[in-house]
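The two complexes that follow have subunit A in common; it is paired with subunit B in the first and with subunit C in the second.
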Partner chain A sequence: MKKLLSILPLLVVVIGVHLLTSATDTMYYLTQMTMSAYYSLLIIGLCVLMGYAGQISLGHAGFFAIGGYLSAALTTRSLIPYQDTLPVKLLDSAGFLLAGQDLYGDSLLVVTPWAACILAVVTAALIAVAIGIPVLKLKGHYLAMATLGFGIIIYRVVLASEYFGEADGISEVPAFVLLPGLSVSGNFGDRVQNYYIAWGLLLIGMVLLLNLMDSRVGRALRGIHGSEEAADAMGVNTARFKLQTFVLSAVFAAIAGVFLTHYNGGIGPSEAGVMKSVRYVAIVAVGGMANLWGALLMGIVLNFLSLRGSFGSYDDAVFGLILILIMLFAPNGILSINVRYRLGQLLGRNKQDREGEM
Partner chain B sequence: MTLELSIQYLMAGITYGSIYAIVAIGFNIIYNTTGIINFAQGEFVMFGGMIAITLLNFMPLPLAIFLAVVITMFIGALIEICFIRWLKSPSVLRMIIITIGISILSREVAVHIWGESIRSLPYFVGNEITSIPILGARISPQVMWVVLVSALMVVCLGLFFKTTSVGREMRACASNRKAATLCGINTRNMVTLSFVLSAGIGALAGCIMSPITYSQYDMGTGLAIKGFTVAILGGLGSSGGAVVAGLLLGVIEAFSVSVVPLAFQDAISIAILLGILFIRPQGLFGSKEAAGLKEY
Partner chain C sequence: MALLELKQLHKRFGGLHAVNDVSFQVEPGQIKAVIGPNGAGKTTLFNMISGTFPATSGNVLFQGRELQGKKPFQVASLGMARTYQNIKMFSGMTALENVMVGRHVQSQAGFLASMFRMPWTWKEERDIRDKSMELLTLLEIEEHAHTDAASLAFGQQRAVELARALALEPSLLLLDEPAAGLNIYETAEVGRLITKIRDLGITVLLVEHDMSLVMDISDEIVVLCFGEKIAEDVPTAIQQDPEVIKIYLGEE
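So, the complex of A and B:
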């Protein structure tokens, strides 16, 4: 209940932003706020994995892409050529298929968005389990390289397979009707509604993770981060907890991918790129690693600025620079910088070294 | 597959393999003195090639390559001094993130200087269609250059580490940093030197491979992944292992072209990387006992 209360100020801010933009006639900001919210959903998931469990992942754009691409492909690619195969028949009898027409008037048989969403998220979770079991045995550089490798493989696969549209990606993704009258789409008229859907989802995710981190699981994860051997010796099943967190963060990433793809009406291979994964890691680092609120705040601010094009052609450079500067000067995140202390240090009054371990 | 075709693939594999081996040795040099995997290693290769291409407008090829290597060494030193030298026992996660940041920043600097176009140095001898017949296969003289220069680099590095006093100091720093410091070796300078050295060999590799593989601002990530695969495959820190593993990976990749589509070629080496990490993280030649003492 306490956690629910701590979310309340955020809820007020969300509604405030809506009212402010509608009052100042700048409603177009809501579009970027919506997209930032979906990216932040991925980022808070990654924050739990990196900050709390201490496991770096340079492949989270891969999970985002699995979610986005699968739901996009399933809801746009016609299944008519495979109509007589068993999986398609099963889907059909379960009521998961939708007949329709494409732009050119040809008949189309696609999976309903709900079924596609579930399929995509479950697939991402299964892949996370399959990858996570061997990968999470690794540490440090090895873990970083292995997850980076996973990300690159996903990128190569979407770039090379015709089913996923190769370099063009998938467009014309239909709206995702959550409930009658409530749909995730890029329609102009649905902008406010989508803003609240995105933020609602983000708030639910946030409450979930805040509660999780305050529970037995959260304490176990912090124990693993501090010292895996010690946690192991205390009877924490480290392998299981690490895997669960990995899968949880992958599911968050996949859900973000599914929703953002429906919102944008398409997805391209750049979403699976290495730079995206690095960017997510950068944002978690800026937010202060084991700080869900920091990750959320930085996720919104940096993604919003990036989507508004504030960084121009230096977009990637800005994230690279942020990454280096934060890691050099404030490894505990930008919110941890004690301005007065820093000033004192600059003036030479306080020489004591406070740079602790990250 | 005919004999000629096999030889053709084999030579292509050896060419790429030599480059991978050099990148892997670059990883090893820095890893040995600092325990850091420098994710920006591939960017040194990119800088070497790109700078040489630019300098070629003003001077003859050998001088351009020489200057490019020197400038890249300077960049390597600068990176170490600015970002790494003054950190007090940073955690591994922090170092990974910093070197990734350096890699991105280098790439962005490159794209703003040279743009996204693909460039290349001219062939050192002859041109694109000059070839030497070997057992019926036709091999470009540039391939010989790559293989010979790489071999020379490996031998020179070996001699440097074995015979010179600086080389011995670097090895001392690699095996036990504290003890080396106590013996009066300036370990900090050794770390800078290791960055300079690995930047230098990376840049040279970037120059000799440029006529065949071309240079582009974003070539670094792919090379870094493959170099890392080779470094792991040969056992992290071992130069001999890196050479064998590099050639092995190059040849596997070259022959895989006849089985899987070209677009998936990168995926093959990454799959090998993942496989080796899961099964034998100590590398092909590492011993099980020694691996038991290390953390992966």
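So, the complex of A and C:
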């Protein structure tokens, strides 16, 4: 209940932004706000993994891509050539297939978005289990390298495989009808509802993670971060908890990938790139690692600026620079900077306050 | 039946016999101490009992169950808790939260139940909090419940660590040098707390350097030297044992 209340001000802000853009005739901002919300869904999941469980992943764009690419491919690639194979028959009898026509009038047989979404997210979770079991035995730099390796594999796979559209990616991804009258799509007329779908999803994700952190599981995770040995001696199955957190964050990433792909109407290999993974890690770091609110705020602000093109062609360079500056000046995240204290220090005052505040 | 039974426990690190053929028993309800000079193999012994690493050979029986091959978290869930010589607080968590982690094996809520805050977890969560607060009170540290544990004084951290271990509701508590780094007053204080814990019916096995503490509170003492057990008796007898005196005071 308390968590729900803490989310209320954010809900007010979300509605406020809509009303403000509507009043000032700047509704086009909602598009980037929608996309930022999906990226932030991935980022808060990664925040739990990195900040609370203390496990780094430089491969989360990979999970985002697994979600996005699979749901794009399943909902656009025709299964007619495989009509007689067992998996396709099973999908058909379960009602997961949809017949239609492509742009040129040829008949199509594709997976429905709902089924594709579930398949994509489950696949991402299974891959997370398969990758997580061996690599989560590693720590620090070694874990970073191993997850980086995973990210590179996914990137090269989507880039090399014809099924995933090679360098072009997949386009013409249909709308994802969540409920009658409520669909995830880039249609101009659906802009407002998509803004609310994205933010609704993000708020739900946020409440779930805030709940998780303030629970037996969350305390165990923070314990692992504090002292893995002591957590183990307290009866925490550390290997299992780390794996479950890894899978949870992969699921958040995959869901973000599925939804953003339907919203954009397509996905390209840059979404799977290593620079994207680095960017997500940078944003979690700027947010303060073990700070869900910081991750959410920075996820929205930095993605929004990046999507609006504020960083120009130096986009990735800006994220690299942010990472360096944060590590140097605010390793506990941007929200940890005590502005008044810093100002006082700059002005040469506050000497007597120092003991009290540090 | 003994609560804990070590049978011919042996640990070799390369050519070094860190623990060599050590056997003894811990009876329910007693405070038993393992003493010995530096490098005698005390902490190695502890690490084998709690599952941090396996013994080269020999057996550890806890409540009649074989512990060899079990991991620390499994040993903990059987009812054995431990503390560390260099206190391992969960940094970034309050004293109360540290103790609440100790309730882990006594509670169930998993990922989904916690995320969706299932109604049955509400009571569990309240019980975890109440019980942890009770333990902080028992160890007379309740006023610091909401302080970041890592910022407490060393002696206070010891108390929090004890409360955290007790939160498991262990039948056996292993204390690795509970007086390490404490001054003479704090040591006496910890001694008093350990006796208090024993009086709750919890068996205590401790490794210690500080003779005054060991002689004051232990019911029985095992003396290790270079990995071997050289004596096992009540404190008054240990104080008279010529072999022990030789080790501690040197030969005439």
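In the analysis below, the second predicted complex is superposed on the first by the 342 of 358 C-alpha atoms of A that agree within 3 Å, B and C clash if a C-alpha of one lies under 4 Å from a C-alpha of the other, contacts with A are read in each partner's own complex, and residues count from 1 in each chain.
One rule holds for everything that comes next: a residue touches a chain if its C-beta (ideal position, glycine included) is under 8 Å from a C-beta of that chain, and two chains touch if they have at least 3 such contacts.
Note that the structure is predicted; figures quoted are calculated from it, not measured.
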Query raised in the report: Which partner does A:332 contact after superposing on A: first (subunit B), second (subunit C), both, neither?
Result: neither
Query raised in the report: Once the shared chain is lined up, is A:291 touching subunit B (first), subunit C (second), both, or neither of them?
Result: neither
Query raised in the report: Who does A:185 touch here: subunit B (first), subunit C (second), both, or neither?
Result: neither
Report task. Please indicate which partner A:236 is in contact with in the superposed arrangement: first for subunit B, second for subunit C, both, or neither. Result -> second
Requested in this report: Look at A:261 in the shared chain and tell me whether it touches subunit B only, subunit C only, both, or neither; answer first, second, both or neither.
Outcome: neither
Requested in this report: With the two complexes superposed on chain A, say which partner A:138 touches: subunit B (first), subunit C (second), both, or neither.
Outcome: first
Query raised in the report: Who touches more of subunit A, subunit B or subunit C?
Result: B
Query raised in the report: Between subunit B (first) and subunit C (second), which, if any, makes contact with A:209: first, second, both or neither?
Result: second
**Report entry** subunit C residues within the subunit A interface of the complex
**Finding:** 50, 52, 71-73, 76-77, 81-82, 84, 88-93, 97-98, 100-105, 107-111, 114-117, 121, 124-125, 128, 164, 168
**Report entry** Complex interface listing, subunit A residues touching subunit B
**Finding:** 54, 56, 58, 134-135, 137-142, 144-146, 148-150, 152-153, 156-157, 159-160, 274-275, 278, 281-282, 285, 313-314, 316-317, 319-324, 327-328, 331, 353, 355, 357-358
Query raised in the report: Which bits of subunit B are touching subunit A when the two form their complex?
Result: 37, 39, 83, 87-88, 90-94, 96-98, 100-105, 107-109, 112, 221, 225, 228, 232, 261, 263-264, 266-267, 270-271, 273-274, 277-278, 281, 295-296
Query raised in the report: Quick one: in the complex, what on subunit A touches subunit C?
Result: 3, 208-209, 211-212, 215-220, 222-223, 225-227, 229-238, 244, 248, 290
